[in-house]
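Per-chain numbering from 1; labels A, B, C and D assigned in written order.
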Amino acid sequence: MLEQRMRIAFVHVGAPAGGMNAATRAAVAYCFTRGHKPIAIHNGFPGLCRHHDDKPIGAVRDLHWLEVDSWVSKGGSEIGTNRGLPSEDMEKTAYCFDKYKFEALFVVGGFEAFTAVSELRKARDKYPAFRIPMTVLPATISNNVPGTEFSIGSDTCLNALIDYCDAIRQSASASRRRVFVVETQGGRSGYIATIAGLSVGAFAVYTPEEGIGIKMLSRDIDSLREGFARDQGQNRAGKLILRNEHASETYTTEVIANMIREEAKGRFESRFAIPGHVQQGGIPSPMDRVRAVRLAVKCMQFLEEFAGKSPEEIKNDPMSAAVIGIQGAKVIFSPMETLEREQTDWKQRRPKREFWLDLKSIVDILSGRPPVVAK
Amino acid sequence: MLEQRMRIAFVHVGAPAGGMNAATRAAVAYCFTRGHKPIAIHNGFPGLCRHHDDKPIGAVRDLHWLEVDSWVSKGGSEIGTNRGLPSEDMEKTAYCFDKYKFEALFVVGGFEAFTAVSELRKARDKYPAFRIPMTVLPATISNNVPGTEFSIGSDTCLNALIDYCDAIRQSASASRRRVFVVETQGGRSGYIATIAGLSVGAFAVYTPEEGIGIKMLSRDIDSLREGFARDQGQNRAGKLILRNEHASETYTTEVIANMIREEAKGRFESRFAIPGHVQQGGIPSPMDRVRAVRLAVKCMQFLEEFAGKSPEEIKNDPMSAAVIGIQGAKVIFSPMETLEREQTDWKQRRPKREFWLDLKSIVDILSGRPPVVAK
Amino acid sequence: MLEQRMRIAFVHVGAPAGGMNAATRAAVAYCFTRGHKPIAIHNGFPGLCRHHDDKPIGAVRDLHWLEVDSWVSKGGSEIGTNRGLPSEDMEKTAYCFDKYKFEALFVVGGFEAFTAVSELRKARDKYPAFRIPMTVLPATISNNVPGTEFSIGSDTCLNALIDYCDAIRQSASASRRRVFVVETQGGRSGYIATIAGLSVGAFAVYTPEEGIGIKMLSRDIDSLREGFARDQGQNRAGKLILRNEHASETYTTEVIANMIREEAKGRFESRFAIPGHVQQGGIPSPMDRVRAVRLAVKCMQFLEEFAGKSPEEIKNDPMSAAVIGIQGAKVIFSPMETLEREQTDWKQRRPKREFWLDLKSIVDILSGRPPVVAK
Amino acid sequence: MLEQRMRIAFVHVGAPAGGMNAATRAAVAYCFTRGHKPIAIHNGFPGLCRHHDDKPIGAVRDLHWLEVDSWVSKGGSEIGTNRGLPSEDMEKTAYCFDKYKFEALFVVGGFEAFTAVSELRKARDKYPAFRIPMTVLPATISNNVPGTEFSIGSDTCLNALIDYCDAIRQSASASRRRVFVVETQGGRSGYIATIAGLSVGAFAVYTPEEGIGIKMLSRDIDSLREGFARDQGQNRAGKLILRNEHASETYTTEVIANMIREEAKGRFESRFAIPGHVQQGGIPSPMDRVRAVRLAVKCMQFLEEFAGKSPEEIKNDPMSAAVIGIQGAKVIFSPMETLEREQTDWKQRRPKREFWLDLKSIVDILSGRPPVVAK
């Protein structure tokens, strides 16, 4: 057991993602082996501000092993997650941090979680309550958190999305010549769409990074028409196009399906499908669970290192507000301040540099689409 | 081996449904043990009329065991299914029946398959080619074929739909107080929606049989509001409403979700989700496979009984065009003619009497909704 | 609300089966709409006798909606199930029934549940505490409870088993000529093995009803050898044999796999696989959930009818200890006494007449095995 | 199109693994865009030597797109895989390489694939036919190929294994105090067992790297006993122990389960389960499919670079026989010669340095087991 036991607050921010519960369970287990007190903030920062002293049961509660033990394979978030940011009521947030004597903060979530910790860090000048160590464990199906190549939840999302696409494709195989346009989630990042596209052998993938234009669509419809013309009915495999929900404001999933049908002139069919929130739920995948457990334990060890330090020391240490990330083979903590300034595309809500972009070109190579004309 | 070997044509009509391939495989296996020749018509009646003599490979082809053996667990339809009816070109259909010397017809599909055999039966006066035994094995996720309580494919559809709803519900559990309106397929039959609703513990199910009205919605929103008011945040289970795609033209899935949000006045959230074609694909469920195999073998034995009979005898025998059905514990063949006349609601494309209607009331009992006001 | 509210005890007996929780949830929901008090006996009859007054928390506890609401899609048994029978301590059992003022008993489980209620019924002469209405909702993967054609849990088991077999078959397809012998559960009933065999296109199914003999095995190995000899390597589909765990004491799954390998003389391979308890767990299937909900509500309505009757009246009414069952299209309550005497094969722990036996022959027809030589 | 088109042979070696077909499909697609001729060797090296000139259809066949297009989501190996090594008949192997004019070799498989290319490389002095570029794409559930951190197939295996364990755990939750010992595959590498253990929150993981000893077992049983003693019945989560199939010759899965039962003295139960070949089959996971596609395309680009080089140049270039690998964020080709000499533990059939070993300690931290006593 430690000399310095800490009261560690757990909060989930943003949309649910597979592995949030597994991360929480592992961190709680670690806390108990070390003598720390893990405390859940239910339903995010709005939960904290609005319901912390609800009767009979408030939003700030100790975490118990008997409750947490069965969470390892559960999707969603058992303590509740919420998109609300601390800036909605910074005063009240600081008041609660003081009142419940939080000595460290463990935030699990996506781009909003990143933003939340960024806000808390910037508010340290004004509010001493935030001069505690904080870390973000990236968890979002969109895989768009600066500082890491992989967010937990994105692999689970891919499992659900690809199951969905496999089934759609199977249904398409019963009809000759059918094209399905499937709309994926993923915020302003085309990661999910691209990886799913590779996994299901999609004909094309439309991403926010590349956008959608009239020439691109025209070329793709020509290419589909030629493909079907060569096929004498032997090939049953339906064709799939994956379109990220934010790839274009004009060319929506439905509009694209309609354009294809129109141009097909009866030689092939076109449908669209929107899997929706099924991408956020479901049982977390092994990869997400393992990453969740591994990163959560490291986050606790990271927070522990600040035990015994003064608020001033913490405030002056850039590492005291950090994001844990997988970068290549390594697990790395990056200081929020640097990430905010250098690596974040705030407008598009994604990292400036996305490591997976070269995978996009493989989709095109494999589907035999002609290279994209420079815009 | 039989004295009387038959040339049996296989055709799939309508949308794909789980078990079509398993039924085909079992019937082919039976044919081989008995010396019959199983012949596939690829891509339905339009495939027959338009592509029967395509080069190098036409739409009428012998079925081989090596090809068929691996189909047992495959979704979709390996020989292709199509909604087109023989009446689109009755002349050409009869020509092809003659040309390929079909001596029996095995049709797998849903309401269109039922309609197709009805058309062929009625055309027997004019076209002698149709004076052969014909049987329909009901296969449709909508479970709306007269003459049977269970169509193959509906159990597979339910598996997919319920997986989807379970995942949606799991995602809902991460947020306080969320209602999801999920749109199901099922044609003009509320079967799928009702059974899925029971299976996932839905708050309400909206079916075409009952329709949707303003009072019903108002009452349900009140009931939701009261439920959430009582809940002090301990209950994480999201609430689901299942709405059949044809339950109402006015109150679409999206409109209902918006109405709920509007009336919730911020006290709870509302979203909608449309699983779509995923309900038709995927790996067939055990129940569908078993029923497919069992019914397919019985269909072959049924067709066999007509071997050696004259076209005239067949034409005059009402049982020579029949639907196989599960009715209670029994497997029964019903003559098309009687079903057409007495048991079919042609306008609503469903049986006049649906056996599952009493299950609907259990949904209401369990969700504690007040009884429906008489319309 | 009712005039006559009842204290209804819920207990789960035997191995877990998919739908136990869904049945419990539905019955609890019904109780609340009617004003009854649902009370859980945790961990079966041994839980009752040994732990009913444990501190701080005993085995007899009121059921609350917040706890139960999320159970609809959960496998296993949330209140715990146990194989122990009341006869292990009838005295103590009666004492507890009195102490907790049980006015009705709802038992969910398999052959042990059936046996337990049989014991309680017979003990009514001696113990007045048992003069309350009792009903069994059959729940067991083995589908071997007298009085019903379908036990909840068997469809879920089939889903798990068939997923397993599909994956095994897929792995077999990577190698030329492989036979897999898969051992299924199912007690002394071949139901699970037979239905799964039909669903996966098994080459053979070995059941306790038929047993296994040397001639049968010899014939089957010959038939396998001929099949592989005809195949010039084009057919990748592996062959599966399903063997119920109690089909023979001599010819175990491993022994059969070894015999096949020995006799194959290198021309094909043989392996065995034992899926085990995976057949009992997992998420309940739609069919099991719907049946669970439907039957549970009917069980509550059935128990309600005895409200207000005297212990003597109840004791003298044969229907006051009954099994709910699906028989063809109908849901029927059968009196225990009649079932015990007329329809139960106590030694083999299954109904005297099993409705599915004719399905067994279809397996043989489809795999082209020669007919079984009369023993 | 290229100046230098190549005849590229595809062969699968070893046990099946998820993604083998996806890799083959992607490589074939790439070949067609570049004008190469992809040629399948069916059923591995034994297929080549024994069946290359079978009539009517030999083991060496051109790959066609219509055949390959639907392989993306298929488990197993559509061209057949076999453990046999070229050294079984090096002479005949070389003869076939000559006869079919292979100009490059693409091997997909696990440790045997690695060994096969090692043998071919060493035989280049004697057989000029092997002086062609060769590359291994590691594909094995055991994840034990030197030169890479991830083999395709291991993620699929983990998905299957963890589904299995989740279901087992669910079944365990229905009984108080049950321990399940689950036997995993994985050859002499504890990777699968360890990652699965983390994902399911296993109490302990037994690996070949660590072995199993009497002290370890004694300590673990003590620890189980204490855990159950503290639990007053509130905790339903069953406990899992994962044991790699080669972790010990003495302490088999069954022996361990028996030892636990013996020592539990009735205070808790113990069972064992062996999922078996289900770990090799099933639908490949997204991660495996993406890696398969990505690595396969890179392998083709790698082989292309040798187009036009003389046999002598190839023989003298250490990179002409290489393994593709994922190392951190990078995809790297390593020369066989170096891997053979420096990084391979030939006796244990695994890399000398396994990157995941530190994950093992997290299992222990989380389950609260006391640290392992130094041996």
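As a working rule, contacts are C-beta pairs under 8 Å (C-beta built on N, C-alpha and C of every residue); 3 or more make two chains touch, one makes a residue touch a chain.
Because the structure is a prediction, the values reported are computed rather than measured.
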item	value
Approximate Å spacing (C-alpha centroids) for the pair chain B, chain C	29
Approximate Å spacing (C-alpha centroids) for the pair chain A, chain B	37
Chain centre separation in whole Å, for chain C relative to chain A (CA means)	41
Overlap residues in chain B, where contacts from two or more other chains coincide	166, 169, 173, 234, 236
Chain contact topology (line, ring, star, complete or other)	ring
Chain-to-chain touches, reported pairwise for every pair that qualifies	A-B, A-D, B-C, C-D
Parts of chain D lying in touch with chain A, wherever the complex brings them together	22, 25-26, 29-30, 32-33, 66, 69-70, 72-73, 149, 155, 158-159, 161-162, 166, 169, 173, 195-196, 198-201, 234-237, 283, 285-287, 289-290, 293-294, 297, 327-330, 355, 359, 362, 365-368
For the chain B and chain A complex, residues of the former touching the latter	12, 15-16, 20, 42-43, 47, 51, 54, 56-57, 59, 74-78, 80-82, 160, 164, 166-176, 180, 232-234, 236, 271, 273-278, 280-282
